[in-house]
Structures are given as structure tokens and as C-alpha cells.
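Chain lettering (A, B, C and D) follows the sequence in which the chains are written, and residue indices restart at 1 in each chain.
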């Protein structure tokens, strides 16, 4: 594969650059007969959209999606779904000064030595803007999985910079700009205001969950469900760490504790995070990701230019001081895409999921 | 893909079960002209081999590899390399009692509901024994990468159970059964002896490194180098967490700290772990993985059988009390396979790596 | 793969329906640094365009291509190239009457039973209109191959209906609507006029050629160059037969005749059509394809509707009476895409083609 | 893909050389629960086996297959099926004289310039011996398809050299060494005897058929069923031409004739060969392939050596004077593999084939 297609049976082929004419994707392999409108997709795009609070980039992009193909009379036909999002708020002049130098922490240096040429405007292809088509495709996967199995996806922030965020309720997540599962986010607002003022940036930790999972998704040995989740999450811009279930915490656990015991009423715990041996158990998928601080910061940094000479770089333009803030809907989409792909792969080899198996309930998450 | 092939251009197709007649793999896409003998591969297999100390499974497997194809007069021909390892020490009777019940923490339950049938002997396909062909394939990748770029791979244990392991020197790693980078491992010996006596198990944390990396490996957006590393590592049996560079630690870092600044003498730090924007920078790859405690333990556990009835399971047979102990050579092999695949992918699109670029030295690791 | 992506390293992911808002494709894996403008692509699209003579469909489509990504300052960047062609001349009302019945020789019946839903307007996804993005992608491949190796592609018609077409010169091909390699095409004009008047259609045979081929393209055993050419050509709408080199004629040849002997001056003949053992020899690729008569004809045909009841179908609308007439530029594009993909695959495994090998000239074609 | 894996969901990864220690394959993606023994596979291998009549190579190979994995207690488990066939009758000395020169019509020249190294013994990787694992894998596909849909595969010879072979009955095919559908094959025996005596070789034409086909197999646009059949067949050693249904004959047909009309009782004809728009109609698949004369002949041929100097080559050793004779079981296997792969792909996207659709009977073949 050439590097811009996600998935094997439910594939998303992504194109575009931050400041080119348009971005978009082609979704291939979608089952026919799924009711689908642009609004189904737009809803998730709006959750990811920039410019919605003072804590994120002030770029104003409506991110209006157009369905170019694959849907006829409001229903998917089984043929590829082309999605197009025009770029409307490019301010390329902001980038003239960094075209010949490498911003620390950015992909500039690696792109330059890989391709010998790069589009410097807004990070070009390495911009987080390219997650929009991923979110759009994820919305299609979510809709099918919800209808087929009742599977649902959600994500929330569990840490911002040095500040851990407790868990009160999923109900709070849609009501604050941090996707935080708590009612009171004043401390985080203050933290972000101070950070922005200092010209610096911070990281974040995100929890992602799938509920209503079918049993048996995942391929043996190499293409395990957990492996593909790790692939998806680590591929998200700025992610540097991924955990499933007990994650790094499992290192210090004993086998007697970690292994989730079973009873006729279901699993007694979910240290596994819903996956053993690479295959889903039907328990909730529990994933946690660590996101590094934004690399585009106002503070001047030591660097070099394309000739190897010393220079100093400070990134102007409009940037998220914490890219993790908008990561929740993207991480949800990625998890949905992985589950969708494995649902189709399972069906190919083993036939439709059989709900005649004893529906052992999952442990309370 | 059907789930048992690793890689896209340098592919490893793995087959076999723990207690079947044989295990092995087919390596496809290997460049022609590489000198290769069975001994090149055997050396790494021997490092992974069971039965080498009292801290690992007592199964006695010589793991003798036979090259079936792809090598002529000691040189690879560019055609597929078939590798075969016969199973010789199967004691299937140990597993009769668990054929109808699900061992907590094991893949039994998920396999059963996925396939409706499973080979229960020694975990069948989900056995860690299936990492042997991975290690064998990794040896081929390592040899080519070393010859071509000077790239080398190594791994060491950094935590066992609750005990952190400091870093003294890579030189200690080959000289103790823990792959620990320290001279004195008495504390870990004692810890493992007590653990084994208690019929329990523990996890481990492993650091994996590649040095002498070429710049520019990795594909944009989806098939990033870091994503593929996460995929490879999370797919290793018992792994529940993966970090690259600063990993989860980067969440609490500021952008001014995390972004590795550049100077004409090279990068000033390596928080990125050798990858930005999904593409290698030429710095060392730094990866860390968290491994859960072994699920096969003597202590009896609550479970159910295939009819959903309560039962109790305690796993007899020969098992590693800490599967992480033998994980170092496997993790090395997986990292080598990922780098190899990306080296060929890079070459396909961009041509051979050009060493005319200014060889900016990496920061000291 | 999900069915709408062509190639493995130089991939073309196609989307769109005949009467939807737009058609297009995403080209992934294109080497960076290739000068590319919309005009480079438009030239080939114009050769395939409908409405250019009275012998082809009267649909008026400018087929104006827009490059959405992957090109910066006139040069490819190595990131995916998104191409968009808006549909402008849809007359969907022509298709209302056939939405519930199956046109003989068309994909209607198979689509209906595969997907349970179909877009009947203009054949929807199965329309030959979807070859436009293929031609666009082929133009990019052609440009790179010409620049890199001097490889060039051309095609001409060698039979129309019952009428064989002799070979005079490639120079005549661009100067008549039949892509015929002869100066005088009056007989074919008359033949087509009579055919159109009778409300019937006919087939065609096309010869496709690549010159300036590198030696060594093709993968062993399964992914041979000839196999991939056959795949590409048989996948073109209405194609029912493919030959390479001597083709079916080789059945009655003797081994002493067929096997192309070699001399220090080059091959003595080219019965192989430029490929032995699935790998290119450096001789010209010679391919011939057979195209069935157009299925959309005015003459009424016996058929059934979606309820299995008898009905009669006659296809109104604007159709090519011989789809083979416009097939030449499409077949060229497909051959270029196959060669391009294999050029990159070869480079991945074996490194850049080495022109230090004795350049044995091909036999005169 | 790296060139030695066939299929996308039901994959066959082939390894081995004619005169290496062993050949074999790994079948991945096989549905679980299929009863399977080595004897199921051996039966088809025996039909393809050399040394069964004086008209084929005298190499004596039992081609005994060993199942290494993927089957437990006589039933497939859904994990990869490893198959091994040891080479037992290698006479490598026959090939010493051709190691440094290129046999006309053979892959020698192309392999040499592709890889820079080759295993000359028995054609190495390019030997027709490598079709044995393909046949073995095909046997597994056949068994599943027969059990699932009642689909069956058969092939017969329709022309040998200049001699056309009429069609009397499929019942004759197993009873003569030519796989000919006629009772009296004396003329062909005489023809072959004379040919062998003259030190020359000839080609053959083979018809391949699938009956009991499900409707709806095939992917739109690029991965059509017909395209994949063409790929499979053209990839078979020595094949130079492929037709589906009316094939090249359709060029001279009119649309009123070619398009198979439908009635409530089924299709009226099968010019399409069971596929329209790349998707199966449920009619019989009808495929025809043209096979070139064997390149390994006793008659001396003009050639060059690896240094480009003139030489003369005559191939000693044991060779089929008409490789087409043993092609029938191989072509069957390839067709089965394609149908199997598409059956799984269809199921992935659209769910299990629904037999509630009106089962329109196919026209009599």
C-alpha cells in the first residue's frame, strides 16, 4: 500500500493538504443499504471543527462535506463513497518564512529529506487538518456499527498538561470545550489561558471506548484487533503512546489479578480492555492515548535551514495550543474504523456474527 | 489481508500451532544477493529459545530452522524464502482438561466464539511459540539493514513486575537471563523464584532501540513509521502498551521542551524517539512496551466452560512465569521487520536513500 | 482490497457514478519531483472524450480535470494526487424506464442481486464513463515512465465488427475517429453509419503497445507482468478477451518457432510480446484485446423486471454504437498503470533499474 | 504485495524452487469448520502429477502433501493451513550446462537481468512445478465452494497443436491423458509421438468451466470477477491468451446477438460466459486459455550467454512436449481460487449470499 489508505475491507483513501484547494477521501467497501446523508457526517465534523472556542486554532473552516458518489436516494449502494471538503480559510502568507527552515518537533525535516520537496503551507500533508476526512469516514462506520450491533464510540480527556482530570460522567463530555467528563472545567480554562499567554503548548491524554462490541473480531497472530487499534491511534498526529486495558499498569500486576475471570454472569473485570489474544471478548474496548504538546509555538526555537545553517524559528499563524483538545472525536472515528474493518473481515471468513452464542454480559466499565 | 501476513513489501506469512507438526513462515520480497545461511537465522532463534534458564518454560525445543527455498549457493535469489521449524517437544496431554473451559486472561474464549472450533493444545495458534518464525524473519531483515545502512537493533528489560531496572550498559544484556542492562541481577532472580513458588506470574517492560537509521522512512498520514511500530509491538503476545520517544511522559511536557531543536551538529535531544510526522529523522528509534503477566498460572481461577457453566481452571504444563523475559529478541525482530518494510517502500517511491544529504548526527542516545 | 483501487504501489482509487455530481480518483504512491499540470492530464482525457464524432455518444462532457492535491508549484510532492471531474451533462430522465428492468448484456441484473440496490442512471457505477479517471491516472504514469525510461504507449484499432483493419502506420492513428492505423477509413465510416441506422452495435479489436521497456519488470509466480496486464485489460468495460504476443496463435506454433531466439544484436523475434516467465525482456509489449458489441441498443430486447416478470427493453439515451472506438486511449492508460506499478515494485526489491546491463535491442516490432 | 501471494481474503502464499528441498504454500483465510484431510488435496495433486503417461515429463514425483497446520481433528480451524511437498527426484546435473546461457522462450534472460542471480536447476522458481501448491490450495477452495453453494469446476482440452478437439462429453475427460472430452484420442497420441520424436513441442487450448455459481460475485470497476480470472489464467505458465464467454468471437457479433436476453425461465444464452459488468450472473463461468509450446526442447537454438556472446542451447532433461496436457487441473484450481476469494469478499461487504432471490436458471451450457 502507498501510505494513504486506511483499512483493508472498509478502506479510506485520504487526499489533500492543509492549504490546497480541497481535502477529502474515498470510502470503499461500505455495505449497501445504509441510509446516509451529508448531515450524518457533518455532525461529527462539527465536533472536530476548528474555531469553536478560544482554546483551539482560530482558523475558520466550515468543513462542509459534499458526498460525490456511492449514495443514491439517501442509501449507500455499495460503490465507493467520495467525500469532498473544500479548504476556504487558507492564509498561506503566514508560512513564507518557514518554507526554508525546519520547525522543531515538526515533520518538516523528515519530509524534506524523504521527498526532496514539500508543501510548507500549514504543514501541507502533515497538518492535523487531514484528520477531517478520517472523522467523516468514521461517521459512516459508526452509523453502520450502531445499526448492526448497537456498538457505540465515545472519548474523553483524562489529563491536560500536568493536570489529571477525574471521571464524573460521560454526560459532561459534550458540554465543555475540553471533552472533559467533569462539570467544572474552570481550572483547565485558566491553565490554557496562562499557557497561551506564555507562547507555549501542552499535551493531553485521551480515553477512548467502544460499547456494545461483538465477540470474535480480530485476526490471529499479526492483524490482531489490538494491533490495529495501536496502529490507528499511534498514527494520529502528535500521539506518542497507546494503552489498551490496564496498559503499562499491567506490568506490575500479578497474573492472579490481571486475568479477567469469568462467571455465568459475565467477566468479573476488564483489565484486558476488551481484547485477549488479539480478538474481542465482547467487553468494552478501553484505549488510552498520550498526545505530545503542539509543535507550532510562538516561542522562538533553535533550528537549521535547508542548507544546514543555524536559524531561529517561531511559528506564527493560528494554532491549537493543545492539539489534544480536538482529538476526542478523531480518536473515536479511528476506533470505529478499526472495528468496522474487523467486522467485515470477520464476516468474510466466519460468516455473519451469530447472536445465538450465550451473550455473556461484560463487566461494568 | 487474512491476518497472518506481516508487512507489505517485505512480507512474512506465518503458519503453525504450538503442538502441530511444525511452525514456519514464508518471507517474500527479500532483495536478491544477500548472503544468508541457516546459521544467520539460528543465532536469533537461540536467543529466544525456551528452556535456557529456570525462569522460563522448561519446554525443550531446539527450534532448528530449515531453509526450504529462496537461497541458492548461499545467496538470496529474490524469490520467497520458506522457513520450517519442526515441533519436537509437544506434551498434548497437559491440555486435555482445559479443552472445554476458558482460561482467564487467555484467548480461549475469544477464539471459541470467533471460530466455533479451536486447537486447545498449548494455546494452539495463540501460543507465544508462534513468535519463533517472526524472530527468524527478523534475522533476515536485520542482516540486510545492517549491510545496507548499518542499522542495528537491540532491546533490554527496564522493569520486571514492580521492580524497575536501571540502565548501566547495553554490554550486560547478553550476559543474564533477563536481558537486563545491569551487572547484578540477583534481586530479579530472587523475585522470580518467589513468584514461581507462589504459583503466580508478573509483567515486564522492554525498551527497544534501532541505531544507524536512515532518514525519511515512513509513509504519510496512515502508514506512518510510528503507527506501524505500534502495530507490530501491540501485536506481540501479552503486550498492552506502547510508547515512542517520550511517550506518555510527553503529555506533561511543554512544547518548548518536547520539540527537539536542531543545530548544524545535529538534534539537541530525542524526545521524538526518532520519528516526527510519521517519518524517521535519522535519530535512534526509541520504543518502550508494557507486557502483562502470563495468563497460564498454577493458581486456580474462576471461569466457565463452553456451555456457560461455572468451573475452576488452573493451568498445568510448562509456562514462562514472566513472558516478558524472552520478549527482547522478539521485539527487536519486530522493529527490524517494520524498518525493513519501510526501507523497501521508501525505495519504491523515492528511489534509493541518498547519502548525499547532510548527515546530521543524532543526539547522543 | 475493496474493489475500486488499481495497483499496489502506484494506486488509483476511483469513485463516482455516471450521473452523480462528480467522478474522480486518488493517485497514491507517485514519486515526488515529477513536473505535472492539469494540462498534462487533460490531453489524454480529451482523446477519450465523448461527443467528438458522430460515431460515439453525443453526451457533451468537457471532462475538465481539477488537481486537488499532491502537486505544489507544478511538481508532485509524493503525497496523494486527488483528481476531480464534475459531471455536467446528465440527462437522468432517459433512465426512468429501465430502473425496474434488466437490460440484456448489461450489469443491471448482477448489480441488483449483488447489492439489492443500484443507481440506474446511465449505468451508474458500471458506466464506461468511469474510465475517465483511469485515463487521467494513466497520463501521470505515462509522464513518469517517459521521463525515467523513455517508455511510451500507443494503441490502435485492428478490427471493427467483421472488418479487419490492416496496419499501415502509427502516424495515421491520431487523424481519424477510429484510432485506425490506416489513411482511408471511409469503409469504416459507412459501416458504422449503417449499423447506427439499424439500431444495432458491434465490437472491436484493439492492439496496445509499449516501447522502450526496461528489462526485469514483473514479479515471480503470481504477480507476473502478463497476469497484471490481463487483469487490467479484462477489467476494461466490454472486454472479453486478451492476448499477449502470439496469443491464441501460439497454440498451433511449434517450440522451435515460438521461442524467440537471442543473438548479440538482440532478440530475433517477439512472439512472446515482451514477456517471458512473467517478467519483461525489454522488447516491446504487445497486447491485443477483444471488445464485445455495446449492450445499450435501440432494438427492443426480451428481458425481465425486478419481480421476475417478462418485459421488453430498448435503450434510449445517447450511446456509443461501438464502445471499442474510444477504447484505445483507455487501454494505453491501463498498460501504463501496470508498467508503472511494476517499475516501482521492481525498484522496491531490486533497487533502481541498472542500465549497465548490455542493452540488447529488441527485434523490430 | 511481493509477488508470491494469490488472492486477497483467501490467500495462497507459494514458496519453493523446482530443485530445492521442498515446495509448498500457506493458505490463509480459510473458513473454520471445513472437514479437510491430506487425501482431499492429494486427489487433485495426483491428477496434475508428472510421469503418468509417455506424453508428459518422466520426472517421478509422488508429490505427497503434508498438512502442517490449520487443521485440528480433521476440521479447519480458521488459522493458516501450511502445506509441504518435498522434492524427491531432482537431477540437477542436467542443468549445469545452461546455468550461464539463456534458453529461448524461457524466463532465464528476464530473471537474470531482474535479480542478478538465479537458480538454474529445473527453471528454479519459474518451473511449472510450482503449480503444484496452487493445485493443492485449489482443492481446499473447491471443497468449500461445493459444500457451500454446490459450485463445481472442470476443464478439458479443446485444441492440441494444430488439431482442434471436438466436444463429446465431460465424461471422457478423466479417461485419457489429454483431458480431452472425446472417446477416441488415437490421433492425438500419434501427433504427440511424432512431435516428441522430432525434438519439438506444441501448444494447447483449454476450456475451463464453473457450474452452480452464486449470483453477485465480483467487485465493481477494477477488481471484477472477469479481471481476476484473466489475471489468474494469464499467470499460469505458458499461457498467452484468455477469453471469457464469446471472447474474441464477440468482436464480430452484433449487440442484438451478443447480449444474453432474459426470460422468467432464465437467460436465453450465455455469450457473456457468466459475467456481466464484472459480476457473476449465476450462469456457468466459461473460460478459454491458449498455451504456447513448451520452451524446453531438444532441438538446438541460437542464443547468448550471460556475457552476451553467441551460443547454442538445446535443453536436455525431462520435459513435457506439451505443457498444456497437464494444465487442465491447474486451470480448474485457479478458477476455484478466484471464485473462493470473491465469495469471501462478497460476504464481507454484502453478507451471506441470499438464496431468497428468484433462482433464475442459467441457459443450458
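Keep in mind that, in the parts below, a contact is a pair of C-beta atoms (placed from the backbone, for glycine too) under 8 Å apart; a residue touches a chain by one contact, two chains touch by 3 or more.
A quick note: this is a predicted structure, and the numbers were derived from the prediction, not measured.
Common partners of chain A and chain B, by the touch rule above, are C, D.
Most remote chain with respect to chain D, judged by CA-atom centres, is A. Taking each chain's centre as the average of its CA atoms, chain C and chain D sit 26 Å apart. Chain A and chain C have Cα centroids lying 38 Å from one another. Here the CA centre of chain A is 45 Å from the CA centre of chain D.
Shared interface positions of chain B, defined as residues touching 2 or more other chains, are 1-5, 8-9, 14, 29, 32, 78-79, 114-116, 125, 220, 345, 349-350.
Chain B makes touch with chain D in their complex at residues 1-5, 8-11, 13-17, 20-26, 28-29, 32-33, 66-70, 72, 75, 77-82, 84, 114-119, 124-125.
Those residues of chain C lying in contact with chain B across their complex are 9, 29-32, 78-79, 220, 344-345, 347-352. Put simply, chain B touches chain A in their complex at residues 1-6, 8, 12, 14, 102-107, 109-111, 113-116, 125-126, 130, 159, 161-162, 200-205, 215-224, 226-235, 237, 239-264, 268, 271-273, 275-282, 290-295, 297, 299, 301-304, 308-310, 324, 345-346, 349-350, 357-358, 360.
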